Amino acid sequence: MFFRTNQFQYNARPEAPDPVYARKLQEVLGGQWGEISVMMTYLFQGWNCRAPAKYRDMILDIGTEEIAHVEMIATMIARLLESSPVEAAEEAAKNSAVGAILGGSRLEDVIVAGMNPQHAIVSGGGAVPADSVGYPWTARYTIASGNLLADFRFNVTAESQGRLQVCRLYELTDDPGIRDMLSFLIARDTMHQNQWLAAIAELEADGLDATPVPKAFSREKEMGDVAYQFWDCSGGSESREGRWASGPTPDGTGEFVYLGKPSPLGEVVECLGPVDPRLFGTPKALQPPT
Amino acid sequence: MFFRTNQFQYNARPEAPDPVYARKLQEVLGGQWGEISVMMTYLFQGWNCRAPAKYRDMILDIGTEEIAHVEMIATMIARLLESSPVEAAEEAAKNSAVGAILGGSRLEDVIVAGMNPQHAIVSGGGAVPADSVGYPWTARYTIASGNLLADFRFNVTAESQGRLQVCRLYELTDDPGIRDMLSFLIARDTMHQNQWLAAIAELEADGLDATPVPKAFSREKEMGDVAYQFWDCSGGSESREGRWASGPTPDGTGEFVYLGKPSPLGEVVECLGPVDPRLFGTPKALQPPT
Amino acid sequence: MFFRTNQFQYNARPEAPDPVYARKLQEVLGGQWGEISVMMTYLFQGWNCRAPAKYRDMILDIGTEEIAHVEMIATMIARLLESSPVEAAEEAAKNSAVGAILGGSRLEDVIVAGMNPQHAIVSGGGAVPADSVGYPWTARYTIASGNLLADFRFNVTAESQGRLQVCRLYELTDDPGIRDMLSFLIARDTMHQNQWLAAIAELEADGLDATPVPKAFSREKEMGDVAYQFWDCSGGSESREGRWASGPTPDGTGEFVYLGKPSPLGEVVECLGPVDPRLFGTPKALQPPT
Amino acid sequence: MFFRTNQFQYNARPEAPDPVYARKLQEVLGGQWGEISVMMTYLFQGWNCRAPAKYRDMILDIGTEEIAHVEMIATMIARLLESSPVEAAEEAAKNSAVGAILGGSRLEDVIVAGMNPQHAIVSGGGAVPADSVGYPWTARYTIASGNLLADFRFNVTAESQGRLQVCRLYELTDDPGIRDMLSFLIARDTMHQNQWLAAIAELEADGLDATPVPKAFSREKEMGDVAYQFWDCSGGSESREGRWASGPTPDGTGEFVYLGKPSPLGEVVECLGPVDPRLFGTPKALQPPT
Amino acid sequence: MFFRTNQFQYNARPEAPDPVYARKLQEVLGGQWGEISVMMTYLFQGWNCRAPAKYRDMILDIGTEEIAHVEMIATMIARLLESSPVEAAEEAAKNSAVGAILGGSRLEDVIVAGMNPQHAIVSGGGAVPADSVGYPWTARYTIASGNLLADFRFNVTAESQGRLQVCRLYELTDDPGIRDMLSFLIARDTMHQNQWLAAIAELEADGLDATPVPKAFSREKEMGDVAYQFWDCSGGSESREGRWASGPTPDGTGEFVYLGKPSPLGEVVECLGPVDPRLFGTPKALQPPT
Amino acid sequence: MFFRTNQFQYNARPEAPDPVYARKLQEVLGGQWGEISVMMTYLFQGWNCRAPAKYRDMILDIGTEEIAHVEMIATMIARLLESSPVEAAEEAAKNSAVGAILGGSRLEDVIVAGMNPQHAIVSGGGAVPADSVGYPWTARYTIASGNLLADFRFNVTAESQGRLQVCRLYELTDDPGIRDMLSFLIARDTMHQNQWLAAIAELEADGLDATPVPKAFSREKEMGDVAYQFWDCSGGSESREGRWASGPTPDGTGEFVYLGKPSPLGEVVECLGPVDPRLFGTPKALQPPT
């Protein structure tokens, strides 16, 4: 069960409203790599967790923290929308020079073009659970497979993509209040990248899984011949230069082999067989009338 | 530019049709971690790549290979649908004992209930670009951020989740033909997990990025105080036991600190300010009529 | 069966084209609370209705009317797009002062930035069934549960959210033709809010349902102890001041009770049990090799 | 900021696993009217709230409680999946009589047909944030308009549709553990229907809004003539019998008027005007070659 | 404006309820090629039409007719759900032999597995605007480009895919009532295929467009060299045998040319250029610290 | 299996970067009628094809070619984003006159408003598999029914809508490099419209299908009376003037009949029957308490 305290984890107050930046900031609220995604991902991984308690507990610690991040960014967006673009534009529109230049277009429309119109029409000046193009958050961004190594690898990714996006957003504003909040979130992403990398090390040290995930699947069932071959299927040969093309494999049980001119191993494709004629597909040959 | 040879990368022929299994196999064709996802992800990462040529070339090598995997699974599904469930069911329905037991329900419906009905009605016995619940593949599964470390971490994840799902599917069938194909795909996923791990090592050795991603963002701009703290936001203290709670951090520049009873650092939340009254939101206090 | 007359329910002609406003107006055509949503919701409620005829008939009366509203707004948008933003921009671009100021950016792009580009590229100057950010209308906006009290409550909501959005859009334009049409739609939303409130009263008077919906579910099956408790799960105690925290409940059968410091009633969460090992989830403890 | 206690709000333990019921229960976890929807809706309404503190506080109290409901149902589903349908089916499949009857179809497939295959392949025996047909939860289910009367009406609807669905699910199982949890949730929905009805009364008593929402929009701007007319657009005249067709309107300022044979008020539709020829639409008349 | 008569265009009454078939029939109600799609497509094409009146009028005639088809199928589905699968299953479950065979699984679950669970939990026995896998109808199925030849070609397709699906559904049932309704719909699809083919002929006869669409785009602006070449990019040479590989082209202005071993015409791909370093992408070479 | 050569099918290099045009160009990359759609559609039609080899081979030839088109447009977009809109805007913002006119709004925001913000925040200057409003490509754009006549008709449509959109985009830019690439794509669309029209002729000549699709469904099963009637369901009588209203039908087996005042043929709609009371729908009449 959850409880909320009436204090933010960190500040979330811009120096000035900015409806255009509000739209961009939506990306790290309701976008694929935004805070809702990590909140939901970690909570579902925790609730579904069947591993030792330290893992479950750790996952839910961070999952709960992420709700606070969602709260901060949502509040920041709501405050960025407190200005009145409509009124500001009306003032500006009185400038006849501009009006003339734009040939009748209202300047308001030009300025507000950078806004998400739903910030005015739908949410009335509030944050929305959508990304920077207005696409709504979808639960397909929630990853919880039951296999913690596969999932922790996702979590490292999420904190990497997330920190990357927040860093980009930091560079897109000069507002000290926004930057203050983002510097906190960036630091937490630093922590969480480290945290998940440490968790992967712990999981492997505990012998619970390893590369190739899932370790518990018998290696005898896979086709060993092709398990360490690099197939060069695209023109150019620069790919031969990397670590992935020669030397021992990271899983410690193989050697990379480079196939410069790979050949298919499967059958030459003939036509498929027929299906039930009542599906009215186009058959290989003419059929007598039914 | 691309060319296709009329031979499969590996075999894709089941011993017998099985429309119910065809539905399940859709998950690794058109699901979130299926072959279309890695095909599109790698191709877009390659086309957008601005890094040294060995990376771009390597990414496009594997991206091109994945098209062949899509082809194999699509063909396998088409062949699994070659049986006529309608006819089979009609034969079965003649068995009066069963008819009696089911109290009037047609056995056909029971058997075919496990099928994806769109395999009959929409595709007429062909594979569809959707997952095992019929949800269509969406390009939100394509990840290409321009930052290769963030993306390679995603790629390791994708090959981990993908291998996990194929291993599960392997256990869900006894058909030797299906298992033959899956054993090939599992081995390629073994290769590709290793490949991306090696690529991460190469990228870090080349100094192009490091933890915390993105390295190029100045660490001075982030709030160092909270960059290595573990916040225990959920009941239980087992999370104190893991590597993520003490000792050096994987990025080599910090020490984990465990906060057992974390306190918020932000403001006590007061109400938000007002927005333009023409948005007709509910205000803090009664307003005179407009 | 349906018939159409070649006359609009009301006027739908702007004084002047305005492609930027056209984008915003899409919200009440193809948005969540737009006219397509109420059209489809009422039609499906009507077609699925198993209640007395007066309800079915009334629902289909308004469902049929809503098709006319869709028609009006679609036409208005098509007319707002009759101007040629391309040509207008070209004229404007000849103004060298502006060109210099914008440092090479084409003014056309700036102006047209406020448009939905699909209004040019996809629909060729026609309305699209999407909202103001271009997200396509989805049938998840259609609500028809088979329970009319639950649905009529939705309908009141839809007419409230819809009127709210149209009022916001009214304030965002000065065009007399647009305002004329919106004043008609706002009035119809006034009617329909009243209509659905009256329908709720009628339904309760007829004894067909009541709070808590669904009345037909036996109250003995629910856990009466917690049916009227307010749980204060978030910091702050202002919530104690409202009607929802004390006094008789609207359903007439209880008294609100305020729990200022609620405690969980469920079990302390231990780890979950195991699943089939062939799912390759991370287990609670090391398992012998399979 | 949020904290989590390691105890459930109420019990969430079935008497026995049941993967088929697990699929159905997903509806009230990740469906349109499920617990994630109300959790997100109330949290966003609270974070965006600019109204008096008692409203904001109350909304966040219930929003925080709803996270606990999500947790309970997710856990229940994870437990319902602990059984091994694969093993059970294998046992059953040994029964040769059945095998014969089914004419080669594996019984496993028939039984498991009722499962969501993603519960095995994707989540490995865990809950997923999707509904009973596997459609992922989408943030379009989150409603927060900035106008509390419009939103509270939605909230009453959500608790009505939600209680309706949980009652239906209650009737679809005999498992005492599931029914125990559902009886708690049904009671909370009873509370919350009452709570939002009380909140609407409070909001109107405080004079912050009223029917027709939004009250702050001047009635003079709407077309008064049609604000209380019932238009009978569909055959049948039973709709004349209801309260919505005569008598005073619920907003207290009008009288319902019944239009039995309504006539359009708008223009006879002529063809639309032309658009820019560079859009290559089909014109009204042949144009000279460009 | 629209009016509805209280009589169906044709009958929509099954001989007996059948919840499993109801799920399948959803495909032609709310699927990609179902009746909602053609209804919305034709209405939007009509409302957006700027061509001579005979086209606009014809499009709206058929668009209006399609609403009646939606109504018929929705009603058919609602009637197919009138049976009580719960009660039927309970009767069946009393059969102890079955219970023993199924090893504890409830037969009800097996039978009902073929249903869409939302038909019970969400719509309470009513039709839903979704397809046969429960995916909601989306407005991306609505095609209206402003160019009638492009759109009429889509319409021929829609009536072809639609008739194909209805024919498949006809073969999947023996119910005389369902077949009666489907025989009507199939005939109308026959008409509408013919109608759109005739409309294409008329449009071309009127000189309003032609192959290649859009005719109004100057042929001089396209690269004539490659406008009639068949590129054989996939192994096999059977494609040389078809009409598309030699002889005059259908547009009457060219000859097909077969390129058996096509070569790329573009540049050899070098790496892309750099982007703004504040986007933190991976660069081609190490950069000095910022 | 597929191979890639490190050379483009044709050039894909703009004369100058243009992030605003990049957004528009996304429409023909990841939009409904963009290159990803035809690539996936043709590949799936080919992989699922059960018709004579010349069809399968031809479909896969073009499907493979389309991957090259996706590659070209993705590369073009990546190059259009190479400019630094941030830097450009900063330069421009130094112009104090503009700053004054815009009343404090940053010009950067105005210019960049026309960009897709995800081109900066998400892809870091790369193409994304989405359309011009940022809506991600979805596999519902992939059409493969198993019936080639139905599908080839779709393919003609796709090449028509696609050519139309590329022609519109051609008119929206003056950049010679972009126009060069588009002139190639337009020519290929000319070829492909002709190709599919020829394929339809071939298919009919081979007797594999005909109007009305599917030919194999017995005409006796459809309701012949209504198979050639035009129903005038919308006001206006101009529709009587077209070829669709009189004369022989294109399928060669009927005569169009015009019904100016069509009457419904179905039953007068009474209320529906009841469903299981445990679904708690609103019944036709009061029921005794359960």
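For the reader, a short list of remarks on this structure follows.
In order of appearance the chains are A, B, C, D, E and F, and numbering begins at 1 in each one.
Keep this in mind: a residue touches a chain if its C-beta (ideal position, glycine included) is under 8 Å from a C-beta of that chain, and two chains touch if they have at least 3 such contacts.
Small disclaimer: the values here were computed from a predicted structure and weren't measured.
The chains in contact with chain A as well as with chain D are B, C, E, F. Under the contact definition stated at the top, the chains bordering both chain C and chain D are A, B, E, F. Comparing the residue numbers each copy contributes, chain C and chain F share less than half of them at their mutual interface.
Between the chain pairs D-F and B-F, more C-beta pairs are in contact across B-F. Greatest centre-to-centre distance from chain C is found for B, with centres as Cα means.
When each chain is reduced to the average of its Cα atoms, A sits farthest from chain E. Per the C-alpha superposition, chain B sits rotated 180 degrees relative to chain C, a value rounded to a multiple of 5.
Once the centre of each chain is set as its mean CA position, chain B and chain D turn out to be 27 Å apart. Separating the CA-averaged centres of chain A and chain B is a span of 11 Å. Here the CA centre of chain C is 26 Å from the CA centre of chain E. The multi-chain contact residues of chain C, meaning those touching 2 or more other chains, are 1-9, 32, 48, 50, 52-53, 55-57, 60, 64-65, 68, 75, 78, 86, 110, 113-114, 120, 122, 124-125, 130, 133-136, 138, 140, 145-147, 149, 164, 167-168, 171-172, 214, 217, 233-234, 236, 264, 266, 272-275, 278-281.
Taken as a graph of touching chains, this assembly is fully connected, with contact between every pair of chains. Across the complex, chain B meets chain D through its residues 18, 20-21, 23-24, 27, 31-33, 88, 91-92, 95, 97-98, 110-111, 113-114, 131-135, 164-165, 168-169, 171-172, 233-236, 264, 266, 271-275, 277, 279-287, 289-290.
Residues 5-13, 32, 46, 52-58, 60-65, 68, 72, 75, 78-79, 81-82, 84-87, 120, 124-125, 138, 140-141, 143, 145, 147, 149-150, 153-154, 156-157, 160-161, 163-164, 167, 170, 179, 183-184, 186-191, 193-199, 201-202, 205, 211-214, 217, 221-234, 236-239, 241-245, 249-251, 254, 256, 264-269, 272-276, 278-281 of chain B are the ones touching chain A in the complex.
Those residues of chain F that touch chain D in the shared complex are 164, 167-168, 171, 278-280.
On the chain A side of its complex with chain D, the touching residues are 1-9, 30, 36, 40, 43-44, 47-48, 50, 57, 60, 64-65, 67-68, 70-71, 74-75, 78, 122-130, 136-140, 142, 144-147.
Considering their complex, residues 1-7, 48-53, 55-56, 86, 101-106, 109-110, 112-114, 116-118, 120-122, 124, 130, 133-136, 145-149, 203, 206-209, 214, 216-218 of chain A touch chain C.
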